[in-house]
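Multiple structures are listed underneath, in structure tokens.
Below, chain A partners chain B and then partners chain C, in two separate complexes.
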Partner chain A sequence: MSTTWNSIPVPRPLQQLFDSVPLVTYDANALPTRAQSNTLCQLPTLYVFASERDARLGLPSYNPSCLKWQTFLKLAGVEFRIVPSTNHASPTGALPFLLPVRTSPTTTAAAAASSAPIPASRLQRYALDHGSRPPPPNAKTLRLDAYQALLDVPIRNAWLHTLYLEPENSPLLEKLYVTWASSSGWVQGTIRHQLGRAAEGEILKTSSSLSAAGAGELDEDAVYSAARDALNALASLLAESETGWFFSATAPTLFDASVFAYTHLMLQVLSEADGEDAARLGVLVGQAGSGELRSHQQRIYQMLWPSQIWSEGESQADKTQ
Partner chain B sequence: MPDSMLIDSGPQLNDQLLTPAAISKVEVLGAKNTRRSLLDHIFKPLVDKSNTDATIGQLLERINHASAKLQRFDIFREEGYGVFISGANNGQPSDKTEIDVSFRVREKSRLVFKAGTDFGNAEGSAYTNAEVRNVFGGAESLSVNASTGTRTRSAYNAVFSTPVNGNPDLRLAVEALRSSTQKPWASHEEQLAGGNLRLAWATKHAESHSLSYSGIWRQLTGLAPGASPTVRADAGDSLKSSITHTFTRDRRDRAVLPQEGYLLRTMSELAGWGPLQGDVSFYKSEVEVAGAMPAFPSGLANGIPVTVGGGLRLGMLVPLARGFSFTGPAQPSRINDRFQLGGPTDVRGFKLGGLGPHDGGDAVGGDVFAAGGVNMLLPLPRTGPASPLRIQLFANGGRLVALKNQSKATEVSSESLGMDSRTVVNGLKSAVWELANGLPSLAAGVGLVYAHPVARFELNFSLPIVQRVGEQGRKGLQVGVGINFL
Partner chain C sequence: MVLELHVWGPAFGLPSIDAECLAAIAYLARTTSRSEYRLVQTSPSAVPTHHLPALHKPSANTWISGFSPIISHLRSFPSPSFHDDSPPHHGDSTAYSAFLTAHAAPLIALSLYVSSANYAATTRPAYSAILPFPLPWTEPPAIRASMSLRAAHLGLSSLDTDAAEDASIAEEKAAAAAGWVHIPASLSAQLKSKSVKDALTPEQAARIKLDGLAREVLDVLAEADWDRMVLSARCLAYGYLALMAVPDVPRPWLREVLLQGGYPSLCELVGRFRGPEALAAEKLPWEESAAHSGQSSLVAGLNVGARFAQGLIYDIPGIGEEWRRWWARRRKRSVRRPEDTAGLTQKRRDMSASGADTLLVAGVGMAAVLAVNAGFFLYRSGVPSFGAPVHSWQMVRAGLSSFGAAGAMFSGLNA
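So, the complex of A and B:
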């Protein structure tokens, strides 16, 4: 325990004594090994869910909300790197968040405060301020809100169900969110249980189709048919567009990034899983409308991760046949 | 406790300590809830066949020994405890003096509730405690604690402890714990859940050992807004599975205000290696020596108790490869495994965790440290040696150094952070070398010490003399409360 008497003014001779010490000051201590790669980089850092390898290559995150902001920052032309992280590292308790470059390398608390983390809610502002090609603003219409709601409720619920509650996808869930956290069976089991409970709670909170299977029970068919309707609605919205981007914007907007975050993961990540139930969301995306969502996903992917196309293109082609 | 022991020896026994004798009967009165088997462990040796050619003197010594052992179980009250010896009156003629021994005991209450405040090192807390003594009649104890403090937001633990083989100096304990502790010097909160199994034994001459296995799930969470990238990188879960040995030899006359004697303490921990598994793998070792002696043994200071003391602490953490490998890639240490140094109870004149590597405002800890201090305790004017107050002059300092990866140019872009054994050895070598690079970070000062039986309180005025950029010295007053000071 230590106590300060900051409120009491320091007498002048004492202040002079305080100012004269320390008599000798050496250079700062070097940081530990684990810290070195985190503090040497001169780029802002986006903390996301990703594997070590994907993060190093800057590949898409496997978490929809992280991928949305990763995509948007890239669309806006912000230079950044991504590091794999966990919700515990975030100031809001959820990823992603962005840590700006520290203005000065000195080890003072003031310097640390000047580079406070930017939560997801303020990333749009950040991208507009720091990006080299700020994307057009979202259309401010009631329609946008309605379509955003399709992403936030039925499509999100279907994603949560597929990844967290679908038994065929449990190896995928393990790989993405569980084994990464700890090698211990006890820790993994607890995390798996917590994830499943949280996903179920989230779906039940927003699901209006409780009655079919009774209160507190998930109606799986209702979840997926709601998602199918939502995807079809998005596909027909896209079909109306003259530019190929939502709401006929001249360039992809935040809404395009939000849609891409789900469609990309449903098409790509789920395609790795075995089993019909596991991959059914990807099939729904492919079938929505007349393939508008798939081509939308591919256009954004080619635009932002061009070097990844030829290596993955072939396997993708195999799967679509 | 020997004060309470009463040997009712008749005058004839004093003269005849060398006469052959035998114990014909041992009687324990008042141990209502204590198992016979526990008492047998203590008293069987008294009536053993090997006692056939014992003298009265030897028997008295054994009785004393058994009595002391019985009291170390800590299940009997001090008051009402007594040993009574009388000549046996069994009517049979014998060539020996036959005696009967009677132990009169009063059991302590089996269920105890306590609530109060506690001072640990650099922390004050309030606790409630429930203890069940002598649970199964074999001096087992079950203790359940809940506490909350200035830094520990909440802590719960339950310990079941039992003597092994009826020996009060060898105890086996199993503990389950859960806690949540604020670590403001590194902008985070650490939550722990886990358990440990500990075997503790005491030898003569105030030495004690403990060997324990612990499995603890650590969660680094609740980061402050200004947390540094180093702390953020270590956020999340890790399981530590480790074996720890500690050894303590405390020959100081009084732990909170030593006038004479020394303390030697070592701690060694092996985590994650071999069958231990878990997420972290390292060997960690710490040594502490401290001592005190009268400054003027020949009475130069007219019997005024001036003492000088000193202490030295050393520690090292060696990252190891997981599994049974000696050469495989070793992961660098995490913030919750590294050492912290500085604060009112170790290197005074620095803030908590004020020494060593800092990333922004965060003390991120180091892998190798050395810290030492000297002090002189002077009595206040017009107080005697028995007064718990002293004036203290001190100077202390230390170095806390992190293990650096020498090949850092390639490391940033390479596959992972793993280091091979050569990198680890080179890193440790240069870290140890770095300890002696320049003067250690130093502070000196003067203060007042109050030695309460429970804890030692210090109020010091100190100034940092040598410091490194980023290290957080403390100019002016600093309050320290604790039991174990450098």
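So, the complex of A and C:
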């Protein structure tokens, strides 16, 4: 192809045009200076879904996978700050990712390589290398894989359904994912529609009911009763443990962090919305087993965000006065 | 009271072609006597919930579909029917059931549906045998598409050589249409490099990865203590493992890993369920689908025709999806379910389709009818039928008459 291109003579008028207006490729623009100062920090930066205020205070993210890694890094004793971001900012296309410490502007290739962003898949390694109190590794049992499937399928499906497809939760969804993305009503509408369709697709893809059904066939009773069974199973697993952490670990592990990411959001974020359908998942978490999951969530929360408990207590005290 | 369990029909020597249907049949066969239930062989388009297995209670005319909803509904019946007496260990049972649906199902999808050789030689004929006449044209391809979607995250779409072949043919055609140089097929075959990889089937090429995937799943399942699980979890395990172990496929990687890879406990689990006393397809209380509803053959034929048309509409790009959504919403209102067995606080939403919706569907329907008509007239008026060459040249017969006046003079001699 290319050889034939070269051999075709360029028409004279075009030739004249390009002679008078030569094509020049300019060098890439330098990053704006604020980009350097924003990423230049004494602490590594974790990019998550969060509101500006929560990010400044280091409060939990409202996205389950971001919260999972935020919790794990805190458990491991890694010092970091969090910055609100979106999927578009991530090199892998998904949050969270972590930008390691950069003390000098990245001018050399070596410096750029050492400060390359770390995607979620490598965060565990990073936490173990850089944390001051590396948590024990996940239990060496294949049973863990089976329980992990509970988080990946029924509990995740219920979370997706509650947040994205429950009409009563649409104000919450707007606040968390839609409003700050754009101020244009058209764009917001499109985002809302896309999020809903994507969530529906994800649920259908993992649930067995996909086989011949399809769009619009979602059976929400089945989604929530599966989630209730899954939460009960996790509660009974926790009841078996002697230490209060899953699989009798001496300290909370990655699995504890993944469970906390969902239970915390179900209990806290959903409680902000009103309407009984909206809070249904929080109720299920509270009822699972004999309250093991709720106390598990509270223990991790107190351990990692102790000051927050105080301020919440104070604000409640203010309210009662 | 007799319950009706609507399931996919038998295949591969198993009572059903679908894992959850297999599990539901096994559960009923183990917990109750033959007189208390009937099995109806059908396909999802024939039941109002559009999902199998589906439990129909004719006395109350209620429908429940999906394996775990059916099991939790059966448990609400008074003992001893539909109950298992095994010591319960619910936590593990729930976890391993979730694991099976999340990880074993994609493996089966790879082995029976994505892999072109296995699909063409085993799965498609099996569907053709259990579906009434025109339906094998619409339903199995739809199932295959959804199964590929389910296994998509494993990144092994290379097993689907149909898609690859279509792509390469299209590429060649495009090259031939645009190309100034045309290489005859006999030469181009030699031009292509022949490496070892080209000589392997896609399953052989990906064998190490496939083995790894299968082992990751089977290791977890083999470690579980199935005897301590509730019966429903064991039935589900049987459903999935049987579909791995039993079908006789031309590229049996999954079967080889399971049977020869050191998983005697899992093989034994399948064997126990397939044992002599239980689950021989002919011992199960099957019921002829047409006979059970007391329909004349004409009505049954019309029904099948409607299901076929429905399948065709689903396949129209763009419109099919919306149509399916709208249809599902309509149907949801018509399906009666038993009172909320889940016990979750819930209020029934009014799912009534809005007027705008109906308008949209009517408009789309009109447009579709117009498009079909226009296509038909275009087809009748001049466009050659499929496969016929668009232009045809005929070689001029070189006879004596082509030599001008002298030739014409002599041409009479020939005739």
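Quick note on the criterion: the second predicted complex is superposed on the first by the 260 of 321 C-alpha atoms of A that agree within 3 Å, B and C clash if a C-alpha of one lies under 4 Å from a C-alpha of the other, contacts with A are read in each partner's own complex, and residues count from 1 in each chain.
We adopt the following convention: a contact is a pair of C-beta atoms (placed from the backbone, for glycine too) under 8 Å apart; a residue touches a chain by one contact, two chains touch by 3 or more.
Predicted, not measured: the structure shown is a model, and the values here were computed from it.
More residues of chain A lie in touch with B than with the remaining chain of the pair chain B and chain C. Judged by the touch definition given at the top, the superposed model places A:191 against chain B, while chain C stays out of reach.
In the superposed pair of complexes, A:12 makes contact with neither chain B nor chain C. In the superposition on chain A, A:133 makes contact with neither chain B nor chain C.
Contacts of A:219 after superposition: chain C is touched, whereas chain B is not reached. On the chain A side of its complex with chain B, the touching residues are 1-3, 5, 10, 14, 17-18, 21-41, 45, 47, 52, 56, 83, 85-86, 88-91, 99, 102, 106-109, 111-113, 116-117, 181-184, 186-187, 191. Across the complex, chain A meets chain C through its residues 4, 141-143, 145-147, 149-150, 152-154, 205-217, 219, 221-222, 224-226, 228-230, 232-234, 236-237, 240, 276-277, 280, 283-284. The touching residues of chain B, counted against chain A in their complex, run 122-124, 150, 215, 217, 219-223, 225-226, 228-230, 232-239, 241, 277-279, 332-335, 338, 343-344, 351-352, 356-362, 364-367, 400-405, 408, 411-413, 415-417, 419, 427, 438-439, 463-471, 473-481.
On the side of chain C, the complex with chain A involves touching residues 18, 20, 43-45, 49-52, 65-69, 72, 90-96, 98-99, 101-103, 105, 139, 142-143, 146-147, 149-150, 180, 219-220, 223-224, 314, 321, 324-329, 337, 340-342, 344-347.
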